[in-house]
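Letters are used for the chains, namely A, B, C and D, taken in the order the chains are written, and counting of residues starts over at 1 for each.
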Amino acid sequence: MQLGVIGLGRMGRIVVDRSLDAGHDVVAFDLDAEATAAAAEAGAIPADSVADLADRLGEGKRIWLMVPAGDAVDATLEELDPHLDGGDVVVDGGNSHFGDSTRRADSCPAAYLDCGTSGGPASAEAGFSLMVGGPEWAYEELTPVFDAVATGPAGHDRMGPAGSGHYVKMVHNGVEYALMQAYGEGFELLHEGRYDLDLEAVARTWNNGAVIRSWLLELCEEAFREEGADLGDVADRVEGGSTGTWTVQEALEQEVPLPLVYTALSERFGSRAGEDGRFSRRLANRLRYGFGRHEVQRE
Amino acid sequence: MQLGVIGLGRMGRIVVDRSLDAGHDVVAFDLDAEATAAAAEAGAIPADSVADLADRLGEGKRIWLMVPAGDAVDATLEELDPHLDGGDVVVDGGNSHFGDSTRRADSCPAAYLDCGTSGGPASAEAGFSLMVGGPEWAYEELTPVFDAVATGPAGHDRMGPAGSGHYVKMVHNGVEYALMQAYGEGFELLHEGRYDLDLEAVARTWNNGAVIRSWLLELCEEAFREEGADLGDVADRVEGGSTGTWTVQEALEQEVPLPLVYTALSERFGSRAGEDGRFSRRLANRLRYGFGRHEVQRE
Amino acid sequence: MQLGVIGLGRMGRIVVDRSLDAGHDVVAFDLDAEATAAAAEAGAIPADSVADLADRLGEGKRIWLMVPAGDAVDATLEELDPHLDGGDVVVDGGNSHFGDSTRRADSCPAAYLDCGTSGGPASAEAGFSLMVGGPEWAYEELTPVFDAVATGPAGHDRMGPAGSGHYVKMVHNGVEYALMQAYGEGFELLHEGRYDLDLEAVARTWNNGAVIRSWLLELCEEAFREEGADLGDVADRVEGGSTGTWTVQEALEQEVPLPLVYTALSERFGSRAGEDGRFSRRLANRLRYGFGRHEVQRE
Amino acid sequence: MQLGVIGLGRMGRIVVDRSLDAGHDVVAFDLDAEATAAAAEAGAIPADSVADLADRLGEGKRIWLMVPAGDAVDATLEELDPHLDGGDVVVDGGNSHFGDSTRRADSCPAAYLDCGTSGGPASAEAGFSLMVGGPEWAYEELTPVFDAVATGPAGHDRMGPAGSGHYVKMVHNGVEYALMQAYGEGFELLHEGRYDLDLEAVARTWNNGAVIRSWLLELCEEAFREEGADLGDVADRVEGGSTGTWTVQEALEQEVPLPLVYTALSERFGSRAGEDGRFSRRLANRLRYGFGRHEVQRE
């Protein structure tokens, strides 16, 4: 089938390449003309604007957006709007908030599929896991492309109506934060603990048959192999957090306790404290003087 | 090579079977004569006592203990003691505390290997992950058996000196608690949240290419498949906790924060509260009346 | 001075009574005519509508709203709107979200003071703590009334511009949740622990000189005295949570970790789980079978 | 009555002074002769050794130990041992572990009272809160001294048998950690949040009538007054932790969840991480590259 892809960053490019490999025709566009040219070199038909891409697709357009979540999605949809009708399908493969996706599904003239995409650039070869929300017919229509972009038929599924794909992806990311922190705690204890251990060997041994084996643990193994068992100069600072924040916000609304996800998210916030450090700790330090005359540590 | 196996429960039996499959000779003993007979039927040489097993092994004994952690290990070692010398090797494949293993390594006449074993009965076919502590020569001596019992050469490694195998296994289990709770939080939010989702389909989609794919997530998928997406009559009560407790205790000594492991362990404790529920919540309920005259919920 | 009070529930009535006691004139109105009549009996001038109350106040109106946070505040402000001008002052003494207060301050023709009120009905005699946000002149204008309604001059202060009073009150409540849970944890351990203790005596001893003495601990002491050291039939269920939720939401936006406040809030959510209990625990229970063939607890 | 006091540090000296003020006779000893001399100047009878102190007390000795918890207590008890019989009473007013106290009560020839002491040097004037464990007759015998050293009769009580005094004090300290952290979270959010607030004014307003008023909050107020609302050069590092650790250890044995106490303790551990920072965060940082090719922050 024929697929338009808008947004040719690392992730969009994987969508293009995997679709081409599976024999689909791809029309590709990016604001960056070089990215468009590179996709063309790989076999895609280049478009020089959103409108041009829409024109080239003809009737029954299938368009995959892989642009940054937020305003870029709305801007692209606005440009697409006059070219779309009810027989077209638009897929948003980015990390949009499910509430935005529901809103866009309501206002988009085409059928709208919100598609949570997991696996990251690292899984270009193996394929993604795709969590799709939206009308069933549109999901079925896109199935050949999903088969190509995902790890195969088992790597994608329709979760439910509009928003559900990004909803499931949001929760996925919340869990991801907690898993990373859980492994981190274990390796921190091994690192600080009473034996002098080769953490790469530990991770490798665990990855071969242990209950906690996982892809993230394979990435830990890789990290220790590439950075050394003490992680070299890797800094004690963790960026990111938006999807984890969304997960906690939704859980607050649903009154579902997520202490592990919350704590993992908090660790990221804490890792980004300013020069003075955490105010709560500074107060605790001073309070110990207040009641116990314990010496106040000062900068 | 020739291996004595003492303790023929589910786990010990897997050691026997995998060793036999790999062409090793096995002498097997269990306090339960039926278990010994069953192992004999599978090809092992039956022994009718610990002493008999020791006799049958001759010089350079290699003995694998797979008995319950605690007193049973000490009792078996005491029985073995007069039959052992420095050329023998004893493996403790159970979930012993690393402190016990260090103590036993000191007092055992044979070389002593503490061997953390992960994978559980469910991995009888694929093999275990084995984390081994103790003298290097003894570890190398046992390598053919470890190759057979583990998933292969990558599924076992020597972590370090005495105790380190069970130490790494202890931390493994702490991480395991946190991973289970992390997935639990995610699925709880999906279950209670705003979409009506097929959790088996979610787990399957995640297991095919998503960042959080893992063996535990495959077990989640299996659980939803077998119990239904709402987990049927599975109770809100989680048993176990000793290795998690050990992990937290060790982290307290090392002054390493493990908030996720601790919280996961706490959830188990909380799930086992008595009929009256959690005292802390009952007090909070009452305090809200104290300052705000909010009605007290009563049984 | 002359004060109009709208909303004569437990809290509004305290405002009326403490103002009257301090020699102020009070015009009082409540949708419930009986409540208005009761206030009249106590010495207030009754009004039979919001408009009537506004009329009776004349120029330079000072009006205290003590109605439930949310729509009731907006509805009352709408009724008041035609009667207000820039020389009037409206105080919202309820538990409004600071964002609503900022919005209302913008649209209200009068000067608007958001006033966080702590102490609850229990402190009718001692007076409240009042955290006030809004224009300085309006705060100063109301000072005689604040002196009367609070514990005295030290019991109220202007926190800053519009919204800051309810903001500080929101954080106060988040901290309150955590303090209640902290005491709850301590008493739960004492209750379940290795000594048979008289918790009322413990609380009393602590309240007399210990570092952790506080008003909440006095309420614990009262609770044990009135309910018994095992809290009798007080249920394991904690209602409420909105201001704690707001606190966590704001902290997510500010990227400030609040693990204790969050955990305390989570305990409330957890205490209100349905009949089936917590899904995360049920999954953990089942997973233990998945990898370890541990028996599944069932309902 | 006559009281021997061994250990004349800040806390022991308060015991001496408050006892003298109440009209008791005090025999005082400290390894530091200057401390003994200073106590003598205040009115105590100086002793130049433990034996000398014992001699001066005659029959029916009442001795208060205020020496550092641990070996110093055992060493002092060993010196006292030959001078004691069953009619004597020894009070350990330090922060001993309840298990040590139970052991000492068993082996001490005198009646042994373990006495948790809260309030710290800061409450020299107001008196302590004393939580006492041990034989009833000994507690009653010492009541006149407890009345003097505590805030009065309500400031001390017999919690139960040997060990229970230090047990209750241990839990007190665990709660104390959590309370400090709870206030710290609140003030951190106010400090980082959207208003520019005078935290001393916030604390003062709260201390006058708010639900969360407490002595610790008065110490917060004092801290902001003395250090400034941003706490000046107070460092982000919190020392101490032993009694919190004991509390968590006991709760693990009793299977009681203490997530707030644990988290508060963890914050202290975390605040004392080495130069490289927290290993768990460094791993999370690197893992984000592993799956998402997010740039790795490096030192």
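Everything below uses one rule, namely that a contact is a pair of C-beta atoms (placed from the backbone, for glycine too) under 8 Å apart; a residue touches a chain by one contact, two chains touch by 3 or more.
Since the structure is predicted, the reported quantities are computational estimates derived from the model, not experimental observations.
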item	value
Angle of rotation relating chain B to chain C [CA atoms, steps of 5 degrees]	180
Distance from the mean Cα position of chain C to that of chain B, given in whole angstrom	48
Distance from the mean Cα position of chain D to that of chain B, given in whole angstrom	40
Chain C and chain D: spacing of chain centres that average the CA atoms, whole Å	33
For chain C, residues that touch 2 or more chains besides their own	119-120, 123, 181, 183, 185, 188, 192, 211, 215-216, 255-259, 263, 267, 270, 278, 291
Pairwise touch network: line, ring, star, complete, or other	complete
Residues on chain D engaged by chain B in the complex (per definition of touch)	211, 241, 245, 248-249, 252, 255-259, 262-263, 265-267, 269-270, 272, 278, 291
Touching residues (chain side chain B, partner chain A) in the complex	118-120, 123, 126-131, 150-152, 154-157, 159-161, 163-164, 167-168, 171-172, 174-176, 178-179, 181-183, 185-186, 188-190, 192-198, 201-202, 204-217, 247, 250-251, 254-261, 263-264
Of chain D, residues touching chain A in the complex	10, 119-123, 180-181, 183-185, 187-188, 191-192, 215-216, 219-220, 222-223, 227, 230-231, 233-240, 259, 263, 267-268, 270-271, 273, 276-288, 290-294, 296-299
